[in-house]
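Labels for the chains are A, B, C, D and E, by order of writing; each one numbers its residues from 1.
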């Protein structure tokens, strides 16, 4: 007979406000097998856990049910407590009477009845729980970092500096990401490239970092400590090992007028190119869509002029499999565009701002390229339409951000600060110009941030107008900005030469597809979800995968770098051990019942099922049965649901446990 | 203005929300409505401030002014509001509440025109523009308003002296009286 | 023609088309006859209440529109609407009543009948551009309006409110331009296509109308338009009837004819001026049409 | 109409060919045994037989009374069959589908079998005396909609072409009839049927696909399905059975044939086959497939039923 | 705004089989967001919808559930790569079977509810509860459970009498 202990948490008042916890304790105390039932203010607190441990010892409890918050919150906590009291941790279950009960119902009577039933179900379940030994798996002490922006670079350097090998994968031909595109950075106005390029070079020269640029993640298999990652190295058409980076090919390439994405399409590049002069690696790539050789078969100039013979038109995509133990995802962000969106898209464009068809209405990143000394205008602020210097410039904040109607309701966090920076850069470069900023709220929490913003107004003479712009339209060569100043309550109209939109920060395109490959979760905007908003902000719910930078939510550079170092620290902590304990929630085959139809093998998403021969003492083959490799098994249980004779069982979720719960209904 | 739970009339705001089917609290005062409002120059409280006053429960200040009567119902505000606050419906609701209580608004011409318009529907089922204009001019004391336009419109056939009458007049009266009845019984606002 | 291609509609002209916008009604009927599109006027329709009814009494406004929808459903087929304001109100009524059960029950009590919420309410533009289709519309053209530069004026209500599935993109509609290009006219890009003309303030506060319509006429003129095209009798009233007055008050000169869409399409389809009620326009269009060789 | 005779004249020649082939493969040592049909004691009746000597090959017959699906003798009823060596087996088209299915489920290996296919015009219904002539009225319901009169992919098939008249489709009609009912009516219908069940498990015993050594429905920890022949347990058993056979059952209808209480068991199986055909374009056939419709998926599968 | 709680004559038992990664987390989110929904639902947590055996649904109905909700991750979002894809096929087939034996499919709801969709969870639970409330109790399986008689086919008067006498 089991001696089950039931512990009901008040969670302060979070539970007890709606659920009569004392009655729950009294009722479940009467259930057969329950030897002890009590309630307590905060079960997760130190005294709460003490109470639990004491009861296990004094009442000689065989199983434990904690009725409190979601198991996703504190299952680990209580299992650990149970373990320290000498019980197997898997003999402890949680009944969720907070998220699934007290918080979602108001009627005290109903909520109490429901809580009693929920606990009752868990009591029946826990009776069928078995002792599960923890499973240990080895750790591959190599890390994969996805994304070569500042977040990925920082994480890769930190992990490598700690002595572990790192694979850094970047989609573009060069690392550097968005930070390499910026002119100056707030709140210090130091040149972005000046602080970025040394780090990029460090990556290139680091003995423990293997850099794959122009490469993407093809497939991810395995689990924490033991991932197998397939990387697709896209055909660069230039052999990296041979190329010296002399740049002759780029000079001689006859196609010169391809808009350069790095310069927000303002500057031009040849068909064989590096995106920017400081690129790492400094190895060009052939843009096959625009290359004459690839389009018509003729040309071939670059191969002719290449001294080391690095140009290789026949190069194909290569798939490389890398075993790693941990993954840092640092894929960064993309800027929202006001262009017309396809019908049915949850995100909408700005028709009232011309859907991106007014040439001198640009976004913040384009302004960065205009302001950058290494940019297409050499640092001069010039209009894309006619190359004139804008004398009246309007900045509009919160374009796409905080706009439920457009499909994005979050704040993009960085725009207030970079717009203030833009007004300063503008004022430094166009002394007789006037900058106006339309804003809703100025959000400047950060060290020296508010001071920076105030400086743009007080010293750099930017005119801030509180009020969102209703509409923009072209009138002659001016852009009419229709706004209002809500402080005075009057409409404001400005005939501007240029308008800069602080467009929303969105996750990279394809963020959802990558998440699916990695098996990590993401929110409705495709930002990756951390395991816990406060306490586990750099970990994914999927063990062994960590987040850094704007792929998790809008972030500025200091925050991104901090998170990247934090993710690196998490990886280093993981690598500090030789063996990992993993949850023993794995499938096991009952060989006696197995008839070897291998339905389990057919449906297993992990390929964890093997065929095993059973022989008698004479060595004659008796039958072939399934065997689940516990190291590979992911624990989904699809095999068990599929097995006709139920000869494979998922520990922790056996039919007995589930049926016990259904029967407790 | 003294703010307290007594001076902030929440029940009025609830009524506005029920009538308009839109949230007042959702507005975060970005001012985009006022920026695009074609009539804002005629209002003492631009649209965003109308919402702000509502958020503070200061409806008397709104109804005392003419802002709500100068809304053209062009729906530009509702179209562009980043928070999907349907301001034109809020304006409708405010006008209705003001209208029901013979609100203290300064704007009489617009109210008069509306009144005559609705009377016309109740009496004739459709609008008769000549009558509408003539009666408006008489009642508003602007006997000479648009005097120059009249004859030209009549010669162009634009103001008809006689109309085909709607043969189904009892039906329209029934609708009006049923609505009056529902209101009397408290079944509708 | 295959039966699928036969178009038939119930027709809701609205009050103005029986009065100040008689030429809109006339040209609509003649054009649709020419295009073989059947129109059956909804018998005994009522005023939709726009705009004063919803301004002060939403329940009344919804009830009037619901009654009209119910009358239209008896005729059968999709409902063709000429006036932008009526169109917007009828669509909004369908939307509001399908969203709110409370309001629907109140309205059904008021009109003592269930409200048909699934019927299609279509503006004439929609019928020409989509049901008939630009291709077939182009085929019906006998006298393309080559050389005529038109400013298409949508006004407020053709595409609003935004949450009601409506005629076209709420901020950047192209349906009028599409129709005009199909009949050979040129369209100008201008900034005030969607601005408000002052609508029903024409009676109570004409000063407002003068100011707003002045901006619209100015913008059209600056864009080099020969004329303006509208699809709403209220817009027409303000831009055409009050044009002279605006010229006086703002000391300017436009002489900018304002056409209804059906008049321009009718012209291109070879209909004569008297069938289109061109003589009813206050700003005389004849000099322009003669100059462009379109008469 | 019902008396319309069905031509079974080829069965004599088929019998002869089977005997010849069996004799040859046994004498040449190709196979250790041949599983087939032999005449039984009652006039005209037939029963399964295992022939291990070439001399006994003459026992083998094929007639309209050869109703059994012999596939079951290769799996759980294998006791009488030699453990080693290739086995010859006489299969009708419907039986072959089951064999193919078993190969896909790793229960049989093609290379260990010698398949003697029979061109079959149909067999008698279970309720008909064995010496009755095969007619439109006496033919087994499954044969009415058979699409596998001539098995393919066998090692040997007598070169005879069965004549197969178009017959009214029994199961399709029944499925349509039931589908047209209200849920309550269908429930009442099946309740009436399942009520009869005495849980003799003959259906399970005879089914080639019920090869589990320990049936889920016999387990008591936990007891998924009540084992006593009460209505609730019966209902559950038949639902579980149909679900487990979904995407596997090839329609040999042995379950229905052996049911002492005449429960239309194959109707459930056919319904599931129909649904899987509609949903995933899957049909049991003569080709060995590694994965059945419920062991695989397509990212674009229908999910209109999921909100 | 908290609407007045209405008392209903019939409060259905709803049992929900959900995966832990998406729907369970979505239900947690509904909780942390303090959304409200009927208290009729009892949630059973599975690692993945792939683990949910159709027999459980049958068992739930037999144990007196009036409605069953099965919910997991959206296609492509499965934590276990493809568990929900397998589940989707399995349930597509199973619901057809239940329908064929006369179970009203109004009582069986399948949905995809992600960890971010607290609102959708509330919508699913509320919708199913209200629908089942209108449908009334699931009598069919309950009646079966109460029926005791021996097989109908050999239900001779003698046997019946003998049976009744025990």
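Before moving on, here are some points about what is shown:
Note that a residue touches a chain if its C-beta (ideal position, glycine included) is under 8 Å from a C-beta of that chain, and two chains touch if they have at least 3 such contacts.
Fair warning: this is a prediction, and the values are worked out from it, not measured in the lab.
Least step count on the touch graph, chain A to chain B: 1.
Chains touching both chain B and chain D: A.
Of all chains, B has its CA centroid at the greatest distance from the CA centroid of chain D. Centre-to-centre spacing of chain A and chain D amounts to 53 Å, using the average Cα coordinate of each chain.
Our note on geometry: chain A versus chain C, Cα centroid distance of 50 Å, whole angstroms.
Between the CA-based centres of chain D and chain E the separation comes to 34 Å, rounded to the whole angstrom. Within chain B, residues 76, 84 each touch two or more of the remaining chains.
Chain A has residues 352, 405, 603, 642, 655, 659 in contact with two or more other chains.
Each of the following residues of chain E touches two or more other chains: 54, 59, 76, 82, 86, 90. Remark: the chains found to touch one another pair up as A-B, A-C, A-D, A-E, B-C, D-E.
Residues of chain E that touch chain A in their complex: 2, 5, 13, 15, 20-22, 24-25, 27-28, 30-32, 34-37, 39, 42-48, 50-54, 56, 59-60, 63-65, 76-83, 86-87, 90, 114-117, 122.
Put simply, chain B touches chain C in their complex at residues 19, 21, 38-39, 42, 70-76, 78-79, 84, 86, 88-89, 91-93, 95-96, 99, 109-110, 112-114, 117-118, 120-121, 125-130, 132-133, 136, 140, 145-146, 148-149, 152-153, 156-160, 163-164, 166-168, 171-172, 174-176, 178-179, 182, 187-189. Within the complex formed with chain C, the chain A residues making contact are 340, 350-352, 355, 405, 473-475, 480. Looking at the complex, you find that chain B touches chain A at residues 28-37, 40-41, 45-46, 48-49, 76, 80-84.
The residues of chain E lying in touch with chain D in their complex are 54-55, 58-59, 62, 75-76, 82, 85-86, 88-105, 109-112, 124, 140-141, 144-145, 147-154.
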